[in-house]
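Down below are the structures I want you to see.
You will see two complexes here that share chain A, one where it goes with chain B and one where it goes with chain C.
Right, the complex of A and B next:
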């Protein structure tokens, strides 16, 4: 069985795209439709990698990323942000949350702005899992 | 009650980002999460003879909304806010309540643009249903009279209409924790003309005085939490007089409590809160009855 990769995105088209790329490259995809569900799966399945959207219902990728990176049991799981939100805004949001009294978190291991080409996503995954 | 999570329901022409920005003052009252909701009406993408289901149109409408929300969300994320989004096809009222339930929102904000009367007849019905069915407070946002732009500070000068009912008390209780945001509350009671019938002027004055004293008690409770409050008694039709009072006080927002009347009564007769929310020129916040246990 290939390494487990969790895709957290509320857009079914994007989930289908990511899952197809993952399966074609021999990984085992897991899926979540929002940040809340994503966190539950991260905790229960301990995936090898998370591909994370930012703007979602219930809990955004901004908060889920912080949950992962501030939990000693999860923080080593690499995260690829795959979003329409720019990297600059994402990093500013993390800075703002740290200034409001949150813990400092590292930058995500990779950041891809939607839309991406299949090979672009595959390369980012490969770079983090091999 | 703290307002932590706000559901911002928009069709973009009725409620834009400047309206939301004016509500960010609620961060002082613990607001930290905004959820955008855009409902694509089913008839815009539904089956048409010879065309089938208009998937391409649905994608276009979804992505148009998504592009706007991404832009708005970036601004909010950068301020340390949490942001969520729902872009859904279906019945507006059902989808709004569905999102409110999933998100456990504390406040629903809907817009009502300044439209021609005939347009209001149609667009008003969704707002009416949201007001009728809501179990959490609903803010009906509107451009201010004689202005195209929205207010900078909608919670600055509030007109609280009261009849001392449990619904009115709930509206009052909802506002008190907003000290630091609300600068002034004008507490207004509209006496009905039939209440003022007496055989001499003293009898009539007694009614006014009694109302005034009860209003002063409310003002004292606001003063106790640092909110300046003024009492006013008006006489006549509640809907017209509340509107008149809002104008006199230069109110930025009208706040009313709504009661749990039997649905058929409201459907046929309407209620003062609903009528104000739908017809008034002023933004209106309706605090609903508590959920049945």
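Right, the complex of A and C next:
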């Protein structure tokens, strides 16, 4: 049984793509359709890696990322952001939330901007789960 | 003998030595400075040389007589005090002397008391005259001062009018231009010389000229205008936007003229146009960024789809092949949705007013979404005002706005599809009194936070994740605006959302209305 990787994305097509890449490389994929569900699974399953979209209904990827990185029990889990949003905008919104009175959060372990080649995603996963 | 008397120096003229001696002695005793002359000629010389305060002259003298002396002295100095000494009963000479301006006459033999009275009277006259002179000088000084002050004030006021950046034009009560400052020249182009005395109504557009034409007959009851924007035509034909304000000038309730002010709006209009242009460029930038974001997501979908298709082919795995093909087909649909939204957003389309039944269009759109609604167990209700009837409006705009808002309403319910609440979308129509029809799309779905409501009508804002292009409400608002309507939203998180848009209609479609915008 391979390592557990949680895919959080509201778009089923994107989830299917990531899940297929994970399966092809011998990992065990988990799926969540929004940030809220994602957080519940992160807590219950303690996955080895999270692949996270940014723009989602309910809790966004920006918030879920902060939750993971500020929870002592979860913050060691590496996160790959996979989004159409640029890394610059993502970091800017994190900075704004920090200035707004939140805790400082580190940068995500990897940032991939859509569209992504399957090999690119596989390499990023492998680098974090060697 | 008063100490502040005016007469000090007296010239005494008589051909009789004895009289000269007696009179001069008596006058000297009274404290006067006396000089004597034995003839009219000598007296005149002394008068010129010594300027006495008073002359006493005998009438009858050889050579130049007293009357002649008087005439000469008066010619030299009209104010000179001259007392004539006449022979007893010489009334003719006395009258002649008084006519020529003598102060007084006394008869020979000269009695001291009579002389003293005559000199006293002359003294009084001199005193009064000098007082009068002082008074006159003071008055003249005051007048000069007041004149200077007036001139200063008048200069101050004309500088004030001249240096005004705004145009100021004043007329008399017959509307003839009497003041026209450089600011006015900058707007209207005419010089003051060209425009002076012309009627102000000649250089103004009718809507503004009307205010002035009414003034002369208004009997002082006219009141100032509001500030209004209008367009004036300069002498070179340039049409210049200005802000105008006109007021009657009244004195004691009677019209004495008018004044009007004009603010040049050319610069402001230019800046406004520039700002609009800059805003448009910014909007284009945001639009491009939004479109790019949408395309990145689509590309990702296509890549994912082809990855699965490739895997399916390589491994002979039909399931992967089909799933991949599904993804590709869905993304083709999403690409097409995005392109259609972009097209309807960018299209500048003329309104197409035709007779239509808004209630029927509501039913049409309802039919379109009924399958989706049934699938998710969402009830669609309609509450249509029968007074709406058949009106003249653009049915395409109405159709698109309704379908955008209704599918939004369904989405709002879909967000929480697992809950067992009875989801409901209600569509209402009302015919308003001001020839408008209002459409309400009400859902009891997820509702929106105030932050989300704020961003609603801005570009590319979507809370629907992959489902929305972010353009729906933007397009809806644009269409409502094109139809000269209004759109508002009320929402509460968890309670639902109501969108209301009202579109004006025409009761009858006229031939010309087809392309009215």
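Descriptive notes on the structure:
Here, the second predicted complex is superposed on the first by the 130 of 130 C-alpha atoms of A that agree within 3 Å, B and C clash if a C-alpha of one lies under 4 Å from a C-alpha of the other, contacts with A are read in each partner's own complex, and residues count from 1 in each chain.
Following the convention adopted for this analysis, a contact is a pair of C-beta atoms (placed from the backbone, for glycine too) under 8 Å apart; a residue touches a chain by one contact, two chains touch by 3 or more.
Small disclaimer: the values here were computed from a predicted structure and weren't measured.
Judged by the touch definition given at the top, the superposed model places A:24 against chain C, while chain B stays out of reach. Look at A:56: by the touch rule set out above, it reaches both chain B and chain C. When both complexes are overlaid on chain A, the residue A:99 reaches chain B alone and has no touch with chain C.
Once chain A of one complex is fitted onto chain A of the other, the partner contacts of A:84 extend to both chain B and chain C.
Of the two partner chains, chain C is the only one that A:117 touches; chain B does not reach it. Within chain A, the residues touching chain B in one complex and chain C in the other are 10, 55-57, 84-85.
Per the touch definition, chain B reaches chain A in the complex via residues 35, 66-67, 69-70, 73-74, 77-80, 82-86, 99, 102-103.
On the side of chain C, the complex with chain A involves touching residues 293-294, 296-297, 299-305, 307-308, 311, 320, 323, 327, 330-331, 415, 462-466.
On the side of chain A, the complex with chain C involves touching residues 10-11, 13-14, 16-17, 20-21, 24, 34, 53, 55-57, 84-85, 113-118. Those residues of chain A whose C-beta lies close enough to touch chain B in the complex are 10, 54-60, 62-63, 84-86, 89-90, 92-93, 96-97, 99-100.
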